[in-house]
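Okay, so subunit A shows up in both of these, paired with subunit B first and subunit C after.
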Partner chain A sequence: MHTLARYARIYRALVRNCLAREMAFRGHFLVTALTESLWLLFLVFFFKILYLRTSHIAGWNENEMLFLLGTHYLATQVFEMVFFTNCVELSDLIRTGNLDFVLLKPINAQFLLSARKISFSNVVNVPVAAAMLLYAGGRLGLRPAALDLLAYACLVLCGVFILYAILFALALSAFWLIRNQSLFELWFPVVNFAQYPMEIYPAGLRLFLLFVIPVVAVANVPARVFLKSLDLSHALYGIGWAVLALFAGHVLFQFALRRYRSASS
Partner chain B sequence: MPVILAQHLTKVYRVYKKPPGFLVALRGLFRRRYDEVRAVQEASFSIEKGEMVAFLGPNGAGKTTTLKMLSGLITPTSGAAEVLGHVPWQRENSYRRRFSLVMGQKNQLWWDLPAEESFLLNKEIYGVSDEAYRLRLGELTDLLQVHGVLQHPVRELSLGERMKLELIAALLHSPEILFLDEPTIGLDVVAQRSIRECIRAYNREKGITILLTTHYMRDVEELCERVIVMNHGRVMHDGPISAILERYSSHKRLRVRFRTPPGEHELAGLGKLVRFEPPTATLEVERPDVPARSSEILRRFAVEDISIEEIPIEEVMANLFQGTERPSA
Partner chain C sequence: MNTLRIYATVFRVSLSERLTYRFNFLIGVVFRFLPMVTTLFLWRAVYQTAPEGLTAQYTFAGIIAYYVLVMVARSFSAMPGLARTVAQEIRDGELNKYLVRPVDYLTYTLSLRLAHKAVFFLIATVPFAFVIAWLSRIGIFAPWPGWPVFAAFLLALVLSFFVGFLLNVLFGLIGFWFLEINTFLFLYMMIEYFVSGHMFPIDLMPEAMARIFLWLPFQYEAYFPVAVFLKRYGPGELAIHLFIEMAWILGLWLLVIILYRRGLRRYGAYGG
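Then we have the complex of A and B:
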């Protein structure tokens, strides 16, 4: 408990510093908020057009689809706010040797590494996602109970951790490659698989997205709390993957750290 | 009971060898050749609590690599070390709370923020109480004279100011050992002096053990009684700085001012004439011959002034690092 409180205090200090820095660059703040929202808007339009031709796609109607997109948007925005920059910047830390400062601190290195930069420009997008969920949910006539909301939040969180573990694993390749920016190009196409209903994928691909790179757990699983039906196996699947992915990330990090040689003075 | 004990520390790096040229670079994509670089070889030393020791040596001597092993950033290829009873590269939190590493060429302070924000973050990371934090910050800002700049973004500070704030960030948790990697590099003379004074004062007041690496003789002369000289990864000398002169400097310098300058040929045979700007001449003479030669000069010439000096330690070191004790006379 003591440890948890200590880490919470450290995180609070990080949040404060990141906020102060972000405020110093307001232009960047606005641009990020705008581009991300526009991207969502295009996606919504795209589906509006598709649903002019058909009422269901793989058993999903328009409002359900919007709800799924909203869920995906929520998970990815929270993820980008908390973890994205940290993963991408790992290679810089290694190349410049500034990882030294992380390793010198009497604190879990993976925590400090993964939490040091919080990207507040993504914060604005969380209410955008919420608005979209409320709109789609309202049209679906959802009347969520408190427990549903709790399960939903918990599973979205699991999705965030799964995204983190996948990107973190990619980022760790920097210990071998030093420069690995081009690997991150892979990231967005992969993540985009997560925003569609898993029913649209052919069986082979679906299995891949369920059990190899489990991005299906990011949006499909939490959205099921309100749409279709969520049974225990779905919930266990989402939670199980989150735990497994975090554990794998931790092991991989310990392994990668042995490669570190610190850049010259 | 030493606080730092290193035994046969050795670090070998494998470095990708890349000769110049595009085709060679292309081949390097497929088959790489590696060189083994022996950054540190069989370094052994022990350091007592409260000591201030300098690692001195040219670039690539292995000073920084040694510090990095002692602070646990890298694991040695072979050999052992114990610092404050811990094996550094196991990186236990209980060890990491007890030392600090400051690197003159890297900064841990948040670039876009006032230094105080970074201090507060370190306060939480090291679990320093509010009271201790206020007390130490007050002490350190007094000592380093940086009251005015705590609220300015770090990127707008001078290098000297930034270095002082880096020191504060490293000392807030009151470490027992401070590793300083080239703390005065790139600083102007005034800033160098002020950093040195702070380090010395802090060492005296708190009895903190300090290990520093440097290229600058002034750092060593003013701060450390003991110096570990490294070259090509090996410890070449470990002891008081005066012992370096005794050991590596076999000569002394006689500086003579003549009332009536003799011809250059007349001075031949008295020693190696390193400079002759009448009426002054500087001669290098082997240590045991110094008394005899001085009296000979005083007897043979009309001398206005004579002084016997050590060869400046910079020159001794430069010769030492070139692999020769001194150029042959």
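Then we have the complex of A and C:
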């Protein structure tokens, strides 16, 4: 309990520090927030065009699709807020040898590496996602019970952790590759695959996205729980993958650290 | 003659520099392919439930053709990092390097970009040709346009390079007036993605919106060359559009030169 309180205190300090830093560049802050929301608007518009011509895409009607997009947006924005910058910078730390300064501190290295920078420009987008979910949910006539809400929140959080584990693993590849910029390009397709209904993919690819790189757990699974009904197997699938992914990330980190050469420091 | 030799050398040096990292480059090309694949899966699902609704403008084969050809057009008109580099060279005072030498910064940048494109096509032409040959065998591009239209398509592609180049330099030159424009450039790239028809065909948008977008120069970077290939224009219309595109290039070129000269007057040459 004592350790947990200590880490909570440290995290609070990190949050304060990042907020102060972000507020020093308010213009940047606003434009970044605007850019992300504009992208969502384009996507919604694209789907509007598609739904002018059909009532269902792969079994999803327009409001269900909006709900799925909103869920995806929520998960990715929370992820980008908490983890994204940290994972991208991890590779630089490894290459430059600046990882030393993290390893030397009396704190869990993976915690500090994954949590030290919080991107507040994404915080603004969380209400945007919430508004979209409320709009789509309202038009669908959803009357969620407390348990549904809890399950949904929990599964979105699982999705965030799965995204974290994937990007963290990509970042760790710098221990072997030194320069891994082109691997990061793989990240955007990964997120791209996650935002559409999994029914649009051919069977083989769908299995791959379910059981090898589980990106359908990010938006598809939480949205489905809400739109259909709370299915225990879905919930177990999402939670199971999140636990497995976090554990694999931890093991990989321990293993990769042995390769660290502390170059040029 | 001497001037020409300078820029030919710049071209050659940049060419060999680029070829050094060809593997990293090839991986990048492959990964950039993937989002298009997911978009096509989405469209396939649309056509499965609405086989009739869309066919007025595009069959499913037509949609595939559209996205593949947009990719071809963007490989001419996309200038990754150009605007950012220009802005950065202004901000960091790197521009001094060019000002004290007997070269023109804009022509220098143009030769660099020509070299980048040359390397790109050296590496990408063969895979592109395979994909396109395979797709046309299964009838995606049927009926293949006649030679006059195809020539116009090639011309539109070459012109799209200049439109893309000038637009990117133009936005980069804003760096003379503002210190930090990276986030702004990101916003511009995203709007360009939508407005140029890269995300989906402009003629599927609501009419009022499509009319505005077809007035902007961005459509020449993606939508226009593809529409030429897909025979959206009659001969007279085609000539007029190509003429308008060249007028845009001229106008943008003048604008770039004016902004560059005005910018130089404000230029502080910090750092360098």
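As a convention for this text, the second predicted complex is superposed on the first by the 263 of 265 C-alpha atoms of A that agree within 3 Å, B and C clash if a C-alpha of one lies under 4 Å from a C-alpha of the other, contacts with A are read in each partner's own complex, and residues count from 1 in each chain.
Everything below uses one rule, namely that a residue touches a chain if its C-beta (ideal position, glycine included) is under 8 Å from a C-beta of that chain, and two chains touch if they have at least 3 such contacts.
Everything quoted here is computed from the prediction, not taken from an experiment.
For the composite obtained by superposing both complexes on subunit A, the positions of subunit B and subunit C are free of clash and fit together. Of the two partner chains, subunit B is the only one touched by A:N98; subunit C is not. When the two structures are aligned on the shared chain, A:L113 is found in touch with neither subunit B nor subunit C. Touch criterion not met for A:L90: it reaches neither subunit B nor subunit C.
Of the two partner chains placed by the overlay, only subunit C lies in contact with A:F42; subunit B stays clear of it. By the touch criterion defined above, A:A174 lies against neither subunit B nor subunit C after alignment on the C-alpha atoms of chain A. In the superposition on chain A, contact of A:V156 is made with neither subunit B nor subunit C. If you stand at the C-alpha centre of subunit A, subunit B and subunit C are 90 degrees apart, rounded to the nearest 10. Within the superposed three-chain model, A:T54 lies in touch with subunit C and out of touch with subunit B [touch as defined at top].
Between subunit B and subunit C, the smallest C-alpha to C-alpha distance in the superposed model amounts to 7 Å.
No residue of subunit A lies in contact with both subunit B in one complex and subunit C in the other. If you check the complex, the residues on subunit A that touch subunit C are 25, 27-28, 31-32, 34-35, 38-39, 42, 46, 49-50, 53-58, 179, 181-182, 185-186, 188-189, 192-193, 196-197, 199-202.
Of all residues in subunit C, those touching subunit A in their complex are 24, 27-28, 31-32, 34-35, 38, 41-42, 44-46, 48-50, 53-54, 180, 183-184, 186-187, 190-191, 193-194, 199-200, 204-205. On subunit B, the positions that touch subunit A within their shared complex are 13, 64, 68, 71-75, 91, 93-97, 100-101, 103-106, 108, 110, 112-113, 117-118, 120-121, 123-127, 153, 181-182. Contact residues on subunit A toward subunit B in their complex (touch as defined above): 6, 9-10, 12-14, 16-17, 20-21, 24, 96-98, 100-101, 103-107, 109, 112, 258, 260-262, 264-265.
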